[in-house]
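Both complexes shown next keep chain A, but they swap its partner, so chain B is in the first and chain C is in the second.
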Partner chain A sequence: MSLEAISKKRIKELLESLGEGYKLVAPAWEDGKLVFKEIKNMDEMVISHELPYKSPKEFLFPQLERMMCFDTTGGVTVEDQSEKTIVFGVKPCDLEALKVLKAVLAQGKFHDAWFVTRMEKTIFIGMGCSSEKPGCFCAQRGINRKYSSTCDVFLRDMGDHYKVEIITDKGRSLFNGLDLKKFKFEEVSYPENMAQSSRPTDETPRLLEIDAEENVVFNQVDWDRIAERCLGCGICTYLCPTCHCFAFKDVKEKDLSVRYRVWDSCMYPKFTLHASGHNPRSTKKERFRQRVMHKYVYIKQNQGYTACTGCGRCIRSCPAGMNIKTVVSEIMEVLDE
Partner chain B sequence: MNNSYVPVKAEIIEVIQETSSDVDIKTFKIKLVDDEKMDFLPGQFVELSIPGVGEAPFGFASSPLERNFFELSIKKTGLVTEAVHNLWAGATVWIRGPFGNSFPMEEMEGSNILLIAGGLGLAPLRPLILYMLDESNRDKYGSIQMLLAARSSRDFIYTRDFDQWKEVKNTDIILTIDNPEEGWKGRVGYPHIIVSEMEFDVNNTYAVLCGPPIMIKFVSAKLVELGFPENRIFTTLEMRMTCGVGKCGKCNIGHRYVCIDGPVFNMAQLSQMPDEY
Partner chain C sequence: MSFKKQENQMIEVCTRLLTEGEVDVVIGFSSDQLGGCAIPSFIRKPLDVKDLKWDDTCTPNLAKYVIERKEKVAIIAKPCDARALVMYQIENQIDRNHVYIIGMECPGMKLSDGTPAPGCQECTVRTPPIFDILIEADKIQTFEVSELSSNRENSKTSFVESSMEWELEDRLKRFQDEMQKCILCFSCRQACYGCYCKTCFIERDVPNWLPQDLDISTKMMFHLGRAMHLAGRCVECGACERVCPSGVKIRYLIQELTDLCHEQYGYRAGMDMNETPAMATFSLGDREIGFLGGDQNES
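The block that comes next holds the complex of A and B.
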């Protein structure tokens, strides 16, 4: 690839040229929060090292998605509202979350067709993160905040320019047929093996990982005390880049019955409520335990990834000050004993 | 790619009122449109939709050898079941599946079988019974004993089948109810009490149970006490679920998902799972 370095001043121009035929999603301000949103005017786009309030999960797995319509003639129509999309400026923690979503929704015997279609049509352009926000703990989750290859293109910040790394064929296709000369930064040469050399050199703290058998974690941890402050509002699951639990909801719209998929949350009592009235997770103790164990034990056992990227969003937004990082550290201490 | 969330159209061809008590259980005989065949194994389930109302999982209740139609026995309990109960022969429903694992039909070959069902718990065992009692399969299994329990004599489902089942060689049915009733010729008492009075070779018998959780708990404990190995006691679980295919995150017990790792589990697996989900 001839494109190695592009001028920072030219990045928006480049994105405009790339974006033809694609919906462009990037960080922008909305109601005082930096979020991923569709960019219609390039001035809205914010290129920074700031981790947005929300992850870009909703562009692969929307909070509300029309799945299918049943009509009065007895037909069913599958709906597909996916669009070719570029998601720009995704930080390594949010890119890491894609591994979990893909493993659960797009692998195994059954696939989630809506997710798979969106994933196929989406190109992720990753960027590094310069500093940890309060609540961030990606390093303790073993994530390099400066670089990730879990994307299609990665822009490495070199001060006055970005080094463009094309990772997938999909990423490469974005640049095909583009006159790149005007975006190029002056010739620069890079040392070999840059990917390796940019791993953080500072001593990494102990990894937050749970390696115990599920019954041990389930039974030996004082979940009552840990869950005590939880209000069960579910904001942690909505903002989590790896949470993917959902429900189907049928809505009557004129002559149609439309089936929507909506995000659901293990923090809500009705999530597991049986029609009989029985509820296997009837108190917040069981629900909070499920959330932590699903992330750190069950998905890890089934898919091989811990479903927590250390993005810290659940910690920063919790109205009751719940902190998954200290909870997991505490569990590790209990297990060490 | 096969889209596992999109159901296919089906038609209710018969509705059978199951119990003469006030317990509202009906069996729905259903066929897929365009004479599509339904291939399933005993223990598997489908998701049934009523557009505009919703979708819910139900275990198959008919013979897997009959591929032109299948039956679901449904108790009126929530929104979807109430909507289904208001339907009649000729009505359209939507079906996706089959999903889940099955009873170990091959593993059980050559052994005696003890089936214990409580109330509507007989429904998911019926495909297994009809499969094993079929002429083509009956010789693959040893003796088949059934202990069928219900609250009262009016709460048994599939009573129309019982005489036929009894006629099959080396097959026996014991009926038991919770409290004495005038004219009742069967047994009286909970199944975990009755089972300890039955005779079987614990070294060459598979037990399959289904019923209310409290019944499963007491009966399985009794069977273990009587010497049954845990890996030869099977049951089938139910759990609230949306997708049926391991994505929606609702039906797990520990790392196992009832929809794809179950719904059939043996007691050795269950005793390793966290208790309260």
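The block that comes next holds the complex of A and C.
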């Protein structure tokens, strides 16, 4: 792996050359909100430390995915709407979230073909993050906000230039055939201790994590009080980089029946409504408990990761001020006793 | 300074109510600890009353936390919260004997970036229409109503942008541009005082009002449906726009209906407990101007 540097001023030019044959997705302003969106004009692209308000998961796991069509003769056509995509400027919190999505959708007993195809066709270019926004708590989730290797290429901020780290073969292929000299890539030698310097420099606070039996967390925490403020909308789940629950919807379109996959949310009353009319999660207490337990207990049990990266989106956007960080801290205190 | 003065009085009242056991819980505002707007807070012990706060970031509408509650509650009510409570009583959603209303005179609230919260700039109601105790603001803090009315006119003009004079296609485009941003998280519905149906029309399976895909017509149907259900009921708290994570500016639809209702039937929701809501009464002379512009009785 060669260590190469590129001047910050030339990054857009580079992306323009890399982006040929790819759909380029990067942060851009849209009505006062920073979002990940398809970049058609390079001037739109925003390179900053600001975290877009939505996570980039929608490019692997879209809110609406057309999966397959059934016709009247019994024929089934599987649909694939994926495109070769570069997602640029993804911060470590969102990159670490990919581990969770991959573990659930692409590494278990069953593989989600639509997700896997998109994953294969998508190249993630990561960047570090230097500013904590109110509500951010990645450090307490053990995430280094300056670096993550869960991507294909990482651009490390070195002041006036980026150090380009190619992490996967997919990332390497992007640079193949590119006349690097044109971009004045310089070979720079970095000191040996680069790896160490990527460790978080701030004092590492106690990790926000729940280490307890499922039933203990389930029963010993006063979920009624914790969930009292919740209004029951789905903002937190839709903006979360790791939430991945979905539903199917068969829609009649002319002579076809089309199966769509749509995002679903554990915060909605219909999420667990049984055909009998019974609902095991009938109030917001059970629903909010499920959200916390899923992130901090169940996925950890099943996949080995806590499914919260501390990006703080759910905290910043919650209309009622629900704060998963303080909720988990409170639970930890209860369990400590 | 006036906020502080009101806050002290408010804390005094809440402490008394909890100490004397007059209520079980006080629903008010407390700090979010992040430097943002105040968040809803539920206080059950007199010792915790100190966590309550009252300043210009107390944006949430708390009325919705009162319905379906079995305890006796006291609620810190801005004029818009109080108007919602009036509507709840008219619509038989609360037992007035179980709700103690601490009315707060309110000069308008701000978002965490210092800009006026949606609805606050053009709000003409500074004193709650209903309360058990009123905590007044200093005169310095309250706006002149004439100033407010002109604010309202200005904001309405920029807001609705005289859209009634627009070409139909332009109106549709404006609406669709807003709809494009919607991610159907339903936070506007959940934050709205008026949306308390046990099963929302979009969640009914038969008939399937809303196929749960993200086609733009789906979003249009949801927002138009919600607007129609709020015609003549909106208390102008601005929650729908304030809570939207995607910045959908949809209040103009409901504002148009609210103004129409006021102009045509002289009714403003939540101002008077004894007044029958415009949509709950009918007389043969009523004008039938509406979404489609049809008006049988116009001469």
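By our rule, the second predicted complex is superposed on the first by the 329 of 337 C-alpha atoms of A that agree within 3 Å, B and C clash if a C-alpha of one lies under 4 Å from a C-alpha of the other, contacts with A are read in each partner's own complex, and residues count from 1 in each chain.
Rule of thumb we're sticking to: a residue touches a chain if its C-beta (ideal position, glycine included) is under 8 Å from a C-beta of that chain, and two chains touch if they have at least 3 such contacts.
What you see is a predicted model, and the numbers here were worked out from it, not measured in a lab.
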(request) Following the overlay on chain A, give me a clash-or-fit verdict for chain B and chain C. (result) fit
(request) Mind telling me which of the two, chain B or chain C, contacts the most residues of chain A? (result) B
(message) Which partner chains sit in contact with A:A247 here, chain B, chain C, both or neither? Use first/second/both/neither.
(response) both
(message) After the superposition on A, what does A:Q301 contact: first (chain B), second (chain C), both or neither?
(response) first
(request) Look at A:D112 in the shared chain and tell me whether it touches chain B only, chain C only, both, or neither; answer first, second, both or neither. (result) first
(message) I'd like to know which partner A:F271 touches here: chain B for first, chain C for second, both or neither.
(response) first
(message) Once chain A of both complexes is superposed, is A:R281 in touch with chain B (first), chain C (second), both, or neither?
(response) first
(request) Mind working out whether A:F218 is in touch with chain B, chain C, both or neither, as first, second, both or neither? (result) first
(message) With the two complexes overlaid on chain A, check the angle at chain A between chain B and chain C, Cα centres, nearest 10°.
(response) 90
(request) Could you tell me how near the closest CA atoms of chain B and chain C get once both structures are overlaid on the shared chain, in Å? (result) 8
(message) Residues of chain A that sit at the chain B interface in one complex and at the chain C interface in the other, please.
(response) 247, 249, 251
(message) List the residues on chain A that touch chain C in their complex, please.
(response) 30-33, 53-54, 63-64, 134-135, 225, 228-229, 231-235, 238-239, 247, 249, 251, 260, 262, 265, 268-270, 315-317, 319-321, 323, 326
(request) Please name which positions on chain B make contact with chain A in the complex. (result) 1-7, 9, 49, 51-56, 77-79, 81, 92, 94, 213, 238-240, 242-243, 245-250, 252-255, 260, 272, 274, 276-277
(message) Under the definition above, what is the set of chain A residues touching chain B in their complex?
(response) 67-68, 70, 74, 76, 78, 104-105, 108-114, 116, 214-215, 218-219, 244-252, 257, 259, 264, 266, 271-276, 278, 280-281, 286, 290, 293-294, 297-298, 301-302
(message) Could you list, by residue number, the parts of chain C that touch chain A in their complex?
(response) 32-42, 60, 64-65, 181, 183, 185-187, 189-191, 203, 211-214, 239, 242-243, 245-247
